[in-house]
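Order as written gives the chain letters A, B, C, D and E; numbering starts at 1 within each chain.
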């Protein structure tokens, strides 16, 4: 039971990690909570659905993130950059509005029915190890989720461009004075963040349903995770996503009546002890 | 006025202050604190003013142990400080912030402070939009409001010219003398310190190195090698 | 010596932080406000039909909720996402107080407001010290916990779970029957008066010392403490006040609609109120109230086009991009611009 | 060719103009001080090079390139580095990372982590801790070290002696000497004339956004100049 | 007024938003066909579409607009068990009638019944009775239950428990999942560890898809002899579930293929009009509701609210659902209901196979004595 529990929470966490580290990236760089991030995920999932239908899952897994990266570039150039001098809550609400619009456009094109993407044959079925049977697709999901976040963390912490991203996220004007093209990095990061949402969207296809409500559920979870993790901190977001996955999965087993409250209880508990979250995020205000 | 007893402060593994003893009498003498960068001067002021909780040791203010008192409590009882890193209200005008603080402390004469800190020209400007040196003066001005009993100034001369620093020191010296209050001033402008302070304490590596009258300190070989260099 | 005299002015009731109007202008403004209030309280009942009045009622209710959010935002720099949980929660409390504790309607109102105040004080005491973002998320969490709690199986006898509660009372309240509150024409003067009363209260607090202290604390909490201020109490008071406003608004709502459901506790309503506040502008009392009315009318119009969500999304984007300081702020800027140009021509 | 040239520069913030037609030229390897009262516009002048201000008219040239129309990071790419007023340390980067940030333009030269640590040994001890966990003076060292890491052709220092102990000011003077000898230009804003006396060739007096005087450093104690400075 | 306005409330936010389109289609088709056949009482019907956010307040706002601004006589469309009580309570003062097609909660035509409120769709107890009738002769002796942790899920679980106990079977595990559960892995492991003979599932919407897909990867349903869904495998989610839903039994108000000439014609017309799309049971209910309105107006031969209300109480009519009767005492419509099983259809995709059709009177509970009109 316990190993299954852990595996299940890892599977859920993998998806959440990709989403919330993307959210944390934009927050770090632009100081804006992208309330439209859930809608990007939904777009990624629907694009993934369409592409998988025509060209198969693997193509979708590559193409959808690329398309999403372009959407991210548009978001950066048309919204975040022109509005960078505005108050952050205002920009956040603009992304909320854009998210609503995107969601409605998707419903217009795809209709309201839920869609599904089948796992490719190579990942269908389950494996048995140590007397436990576990679906291969979930293992794949865990693998992709954990490795993508590891790559992200390595990039941010150990590469020069990662250092520059962190610098821009703290003090864009100082970074500029040091010769860093902050706008270009923002573009890179917003695209990357959107692309991650695209990957998560495609990966969600065979695991969850692709339906019009998927954006809202996702964004609320991600917000909680990002804040628990220490806003703007990628390692924090990763740990928080794992914690969140575990609390939600374990909560539904051990305290089913209160499981819905578990994430909020977790949020309260963490923030009351460490108001800045668990990670060493950017310094707010 | 202020007794500091075996005061230690650490930031994690960094021991910024180690068992420092210091006594500051309220007899109208300006007390200078100098020492190399990182010696623990600001930490000393932080501990005394309640910004940072000491790891060990006690602080007595007017005979009372205040180690656990809140910052606001200390300020209302006459302990005021300025900051090395400018710490003012960026979006209020200079007048607004001075009068806000004056209201809280029941001081109805902010004009003295304005005159001393030469802020008359900037009263209606938002503090975030004035030159750095003027912001520094606002920071000191905020500490001077409310007839404080114990003034703790952390590099009040930073951002000012040598003459302005000297003038500020002279003013504080006069103030301290007239009102028979106490003041501790941390400063790297040693000319001003030696010219105006009655007593000078030197900290080095978190420890108390020497306390004495300026002439003694200026001639102390340890102080010269650790701190003064060519300024001796 | 002129400078001396000017700077010696003591710090009077925070007035130094806001431009003060001259005496005669103030009296004029007061008279105009009184006139506007009186006309507004009675004219619509004769001019507008039931449908429009209903919308206006709902809009002002949303506006009052928005005002509660805007007050905290502009004075303390804190965004609350839990306003709706108090708004809806008060409705539940009111209903439960009458049905389970057998209180009279008036006593039920008092009891539910007391509970809300205590709740806000306890919650505020816990969360007011955190960072702004943490505060926002904690209010979200507290709000969501309340709206989930309403659905808990153990409380279903009190709350009816997801189905919501029909709330009605027998007898009279302030001389009015339940049906009077439900009647949009008769409810209008009530909500109009409430909006004015709450709006004026917020306006007064903004101009008071409390307001000045809150704004300064928002800018530099540490320096406030080092200037002898208690920074905790005033912010806690502001949080409680904001919640009391939301609670009062929730009471008006439940009296008017006769119904509470989990949706009236939810994040959706809080976001609507937040958007209303930003549409109107958070810096004034009139802004959020107007924002609420605009939002309500817009939603109705959008609904008739069959595209509520899409148009709401568009409207949020357009309004916020075009009006950085809200509709009222934009109007003010415009008026000032005209004024300046006129003066320039004259002078 | 000069390291930095400003011609009839008008610049300010928002609606207000701070610099009113500043002309300034700094040769290669020259060390120049800008002096003047608080609010004269000294920092504004330095920040204009990075377009952190609103440039209304006039020209700014770095080396042979005109940069007043280019994005803010271009100056750094052309070899200008700055230790700004107020230090502007990045709090969540370690000290080492703050220094590496200075090397973002990847220009080769004498300054690297090793040599900066040699100049300011206090930084090396704390290399892996956060930038905000330093005393005021240590932060100042970090800001100067970060600018040096760029191996600039022109070094802009805004009140570098602020918060530094007299001993460290001695070290800084020595380092500036060395830098100048290696052909790097220096433009330093200072209120404390002791550093100006020891480390610059000439000075320019700025008052209310205008250049009101200039002379070789040797003449700095001339009462004429002292009056202008107090203006 | 030369047309009869029908206010159609549609939800365009949240999880139900996706159903807006099919609801619109059904309404348009019904009104077109009825108008083509002459309308009602000599007048044409005209829809007034109002979208709202799915909350009671916005629903009442929308209804008020439809009635007072646009002059609608009838209200219908999408609403939930939380929205309908608020609407129902408002009908009197609006002086309008409402024909429910969505909310299934019993009290709406039970203790909370209202003279102006009618329901064309089935209610929870009808669905449950149909299941009970179907299970009478089935040899399943023990059941596990998984339900959404929501009033409706709790109620259904409780009623099912009572039902199987009355039939002599036992209940093993009883699990509740919060609505919005993304990962059912834990529940699936828990059920799969020691399954009973049968499984009863009351999980809705996207949660239902998640459960179906995830259980397939774990092979959970295969461990049961019988899986019965309650609002679990509805047509809106079946394509997404696909093979993961195979063999599940599911009661529905209507499925294409249901016997009856009107039903056949309806499915045919719907497919023709909308690119071969099959109508869901919600579309059929919606269509039937409009048929009932037209029939009542014809019977009253007037658009006076009181007259139409009187005509609709006790109305009998033939609808696309089959024969229907609006019970006068509580305004619940007696109409057929179908038990299906999910099988592989001729095109290889999962599809419904009708197992049994119940008539309305077979499954309808007696009038709730608490209902006072």
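Just so we're on the same page, contacts are C-beta pairs under 8 Å (C-beta built on N, C-alpha and C of every residue); 3 or more make two chains touch, one makes a residue touch a chain.
The structure presented is a predicted model; accordingly, all values stated were derived computationally and were not measured.
Contacts with chain B and chain E are shared by C.
Here the spacing of chain B and chain C, counted between their Cα centres, is 44 Å. In terms of their C-alpha centroids, the spacing between chain A and chain C amounts to 33 Å.
Per-chain Cα centroids separate chain D from chain E by 75 Å.
In this assembly, the C-alpha centroid of chain C lies 50 Å from the C-alpha centroid of chain D.
Residue positions 104, 257, 260 of chain A are each in touch with at least two other chains. Multi-chain contact residues, meaning those touching two or more other chains, occur in chain C at positions 151, 153, 307, 309-310. Of all residues in chain E, those touching 2 or more other chains are 12, 17, 149, listed in ascending order.
Working note: touching chain pairs come out as A-C, A-D, A-E, B-C, B-D, C-E.
Those residues of chain C lying in contact with chain B across their complex are 3-4, 7-11, 16-17, 209, 212-213, 215-216, 219-220, 222-223, 225-231.
Those residues of chain A whose C-beta lies close enough to touch chain C in the complex are 83, 86, 89-90, 93-94, 96-101, 103-105, 220, 223-224, 227, 231, 257-258, 260-261, 264-265, 267-268, 271-272, 275-277, 284-285.
Here chain E touches chain A in the complex through residues 12, 14-15, 17-22, 149, 175-183, 185-187, 189-190, 193, 205-206, 209-210, 213-214, 217-219, 236-237, 239-242, going by the rule given at the top. For chain D in complex with chain A, the touching residues are 50, 52, 71-73, 75-77, 81-82, 84, 88, 90-93, 97, 100-102, 104-105, 146, 150. Chain C contributes residues 49-51, 54-55, 58, 151, 153, 156, 160-164, 166, 182-183, 253, 257-259, 261-264, 266, 268-269, 296, 299-300, 302-310 to its touches with chain E in the complex.
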